[in-house]
Amino acid sequence: MSFLAKGRVLKNQQLADDLYELEFLAPQIALKCHPGKFMQIRVSEQDDPLLRRPLSLYDVDVDSGSISLLYKVVGQGTRIMTSFKPDDTIDVMGPLGNGFTMPNYPLNAILVGGGVGIAPLMYLARWLILLDCQVKVLYGANTAGELVASDRFSRLGVELEVATLDGSAGYHGPVTDLLKDQDPHEVDSFYTCGPEMMMAEVAEYVACNYLWGECSLEEHMACGVGACLGCARKLKPADVDYVKICKDGPVFNVQAVEFMMGR
Amino acid sequence: MKKEYGQGTGQPDISVNLGGLSMKNPVAVASGTFGYGFEYEDFIDISGIGGVIVKGTTLEPRPGNPPPRIAETPAGMLNAIGLENPGVDVFLNEYLPVLREKGVTVILNIAGNTVEEYARLAAKLKGHPGIAGVELNISCPNVKEGGLQFGTDPVMVKTVVEAIKAECSLPIIPKLSPNVTDIVAIAQAAQEGGADALAMINTLMGMAVDIRTKRPVLGNVFGGLSGPAIKPVALRMIYQVYREIDLPILGGGGIMNFTDALEFILVGASAVSIGTGNFVNPCLADEIVDGLIEYMQENQIAKLTDLVGAAAV
Amino acid sequence: MKKEYGQGTGQPDISVNLGGLSMKNPVAVASGTFGYGFEYEDFIDISGIGGVIVKGTTLEPRPGNPPPRIAETPAGMLNAIGLENPGVDVFLNEYLPVLREKGVTVILNIAGNTVEEYARLAAKLKGHPGIAGVELNISCPNVKEGGLQFGTDPVMVKTVVEAIKAECSLPIIPKLSPNVTDIVAIAQAAQEGGADALAMINTLMGMAVDIRTKRPVLGNVFGGLSGPAIKPVALRMIYQVYREIDLPILGGGGIMNFTDALEFILVGASAVSIGTGNFVNPCLADEIVDGLIEYMQENQIAKLTDLVGAAAV
Amino acid sequence: MSFLAKGRVLKNQQLADDLYELEFLAPQIALKCHPGKFMQIRVSEQDDPLLRRPLSLYDVDVDSGSISLLYKVVGQGTRIMTSFKPDDTIDVMGPLGNGFTMPNYPLNAILVGGGVGIAPLMYLARWLILLDCQVKVLYGANTAGELVASDRFSRLGVELEVATLDGSAGYHGPVTDLLKDQDPHEVDSFYTCGPEMMMAEVAEYVACNYLWGECSLEEHMACGVGACLGCARKLKPADVDYVKICKDGPVFNVQAVEFMMGR
């Protein structure tokens, strides 16, 4: 079940140069949230920009009915979002899509996130912890200042390893290098979101070690509900059918996907 | 929050007879923007919608175009879906029965690449109750005529409409392409072919470029431009056709709110369709109906037909 | 803040030869949106602009259409100015000398209602130095052909271009109307008539309705749609023509910033024109030139021609 | 001389239900201001709404370089303007058009304004006072709350008579009824701005009493500088030529105009 709702902004905080956390009240939606699902946010009442912006659930508090999104300013829409301020009413639609598969028993999970791709992994981590899983987060970014989710992960009580490309915090290099140090026998499942090159390496690790993993994909969207067929993608070039990222995903098994290196 | 409209309820009469296709209210959702209706059930009561024009349907299943399939443009969007659909048999056997059960006013949008394909498709509809009317997408290339779009040539338009009318007794509503020099000539041809009503407009052909890759954005290079950007063109064409051709018009192109819808009615649309607007507001069809009723009550307008074409005198 | 561009200055070469018309830089201002240039002198050095295409000029003075003449639309505007202008004699004797004195690259936009009118107008230009080229507005009704627009019929396009070429040795740039089924056929006809370059696109024909009065907004009912709304259509048409027709293209339609301009160049425009964008930002032409230079320097592109048509392969 | 400038918002204050005063810093422009001229304001960086909005100079302080506009929220553009806040940078163009004719000697002037049409008369009053004129302002509105300029006029030291259609302040009725009580022999010139029906009555009074008067007209605009020929109007139906409100006006002699009743 998803809804169209008016959300009341609680905060819209700049966490880094181009990273913001938007928190708003939408209790009806919050009740139906699940990690990996996403929201479609209307950024303006004007006709330009026209379409809603898809953003993953970063965190949700069912008790207070609040939903958090972590967004990166990349273009016109996200730039407009930075002007949202507390008590503004925003037009939100969600939760949409198929989220991450939840384990039936407490297991060991590694979450690999790069950049703003960390967003859906926060809410996922919260659920996994609730389900008594062992959660380790491998979190990569360009530079220390962009590791905006670190503290929140720590507060959640997950094990956190960070990597930065410039070496300003944690491991100096791509976050996927941290995979080498993991013991595949101690992990049951992987969850990943970030640049496709990064996810490709996670997928390879998962494949080589006969593990299981899920990733969250992106594609430009119009409807967000499977109606327009706009967000089509062949998970693998040889596939006959196009999946719809909004409805069949955005979460897919990593083994089903051939990642695109430019992304 | 379902409402009852119609004569005798104290509400203004907003039911529409669109060339034999009867609609509870004048607001339909446009083909390709509303899937088969199910996709939007969380947001709107699809049986209350004036008409649900389902995704363009072909004789055989089609995989659609390679992505990217959509791109945002100023006050609009481009799409090049490529008519992805499971084929008419799946529609008739799997989707239609459910829609019929729910009491949805189903308008089937059909597409083909030869006159025969259209005719065979139309013939298949016999014996499948629950289709209120057929919208004819003629913005498709005619492979037998060197890929020229059916909708750009009056002779082809007339031929294809005739062929379908011969096979199908449902109301037939050709959907006109705006990418033509003389829209009235096309409308005229559709009428001569036996059309029961006209739908207009389909998308304007456009494109976008990714300056980073220096390549067209869309996998298909060209796509159809929809949304508020095209509203002035849609209004103009409907106005032109309304004044010359004696067929009811299902008007659309960029409708985002009630006042937009009213503009279309004033230039001659008997009913309207919401396309891209659904993506922005999935409850738009209902909101426009509410807006219309309120407007008619405030302005003491008893029936919608009193407004149709009022600006096109 | 005048800048010097061109070869040998260390700057990338952005000068353009548009079918014999030489421009300092590839950014022109579009006819009807920049008056005669003087109107914008407070805001921009008009002699630095790649080309100032002056208001559409006719043989005799014209009063223009009754108001309202403009209406805002989503990401666009409609205009129905009706070619108000003081006539070619006033232009040649009063305005041109001043523009010439200032070193402005003047492109005269001419319009007429018969082939003879165009030809006589073109003939008048002889002996008036300071006109870099002539843009031919063919979105005008041909009164001898029942009011059919010149620009919608290949035969008329060819005829009018030929007639003008016979009278005038300046570079002739027909400006194509987008309100046609087959833009390539029109471009082809212009080429056959002897066009030196093509300008595209003129405005899409549209309208708007005032729901309060229930009447068309514009005094003329129909108007030309311009602005960002039409950009996808303009890009598509230029792409189509660039691939088929071997003439340089002056591209425009909705350009609001440097990246828009680059999109036009990538689909095949050798130079661009800014219309509605001037109203929003009267310094836009300069800003786009600066943006282009910066982009070319960053991307080590020596000459603009390396970019022209790069997306249309 | 006019300019394109970035103005820094000083205040954007709601004065009545749908009336706001916007004040911004634009010293270069302020220097060139003259009563009756107007600004073209860009309301949004998005492509919709696209065109600038013309607004009269309400007040200008050359010393501080600040310009005030008084605007009424009537549609999308003015609604967006209400979100301007102090320290925002706005894109302004002006001053444009031909303003009111200034007297060469101190004379007696009556200014008749209705609704938001009062805007240009404030700055005009300031100049007339500086020129030692006797200034009387007849100020009409629907209701007392809309007489937002009254205090400012009083502070300027002009003589002020108000009228409201609902009688909640001053004379009960249309402001033009106040003309009856004026002594035409004691007035040299009239200046008026507001609904055309109102201006028509001022014009009639001016004509009947062999006086002189100017009015400020409105028309939808694109360029604001005389380039697009969009803001054309025949001042009188029999006129051959169309004037351009932005360039030939917006101020015209009342005798030259046949007013349009619907406006």
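Going in written order, the chains are labelled A, B, C and D, and every chain counts its residues from 1.
The rule is short, and it goes like this: a contact is a pair of C-beta atoms (placed from the backbone, for glycine too) under 8 Å apart; a residue touches a chain by one contact, two chains touch by 3 or more.
This is a predicted model, so every value here is computed, not measured.
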Centroid-based (C-alpha) most distant chain relative to subunit B: D
Distance between chain centroids, defined by C-alpha means - subunit B, subunit D (Å): 47
Subunit A and subunit D: spacing of chain centres that average the CA atoms, whole Å: 53
CA centroid of subunit C to CA centroid of subunit D, Å: 36
Residue numbers of subunit C (touch at least two other chains): 74-76, 227-229, 256
Residues of subunit D whose C-beta touches two or more other chains: 47-49
Topology of the chain contact graph, where touching chains are joined (line, ring, star, complete, other): complete
Interface residues, subunit C side, partner subunit B - complex: 73-76, 78, 152, 179-182, 204-209, 211, 214-216, 221-223, 225, 227-233, 235-236, 239, 254, 256, 259, 262-263, 266-267, 310-311
Subunit A partner contacts - residues on subunit D that touch it in the complex: 44, 46-49, 76, 80
Interfacial residue positions of subunit C with respect to subunit A in the complex: 74-75, 228
List of subunit A residues in touch with subunit C within their complex: 47-48
Partner subunit B, residues of subunit A touching it in the complex: 1-4, 42, 47-52, 93, 219-234, 240-242, 247
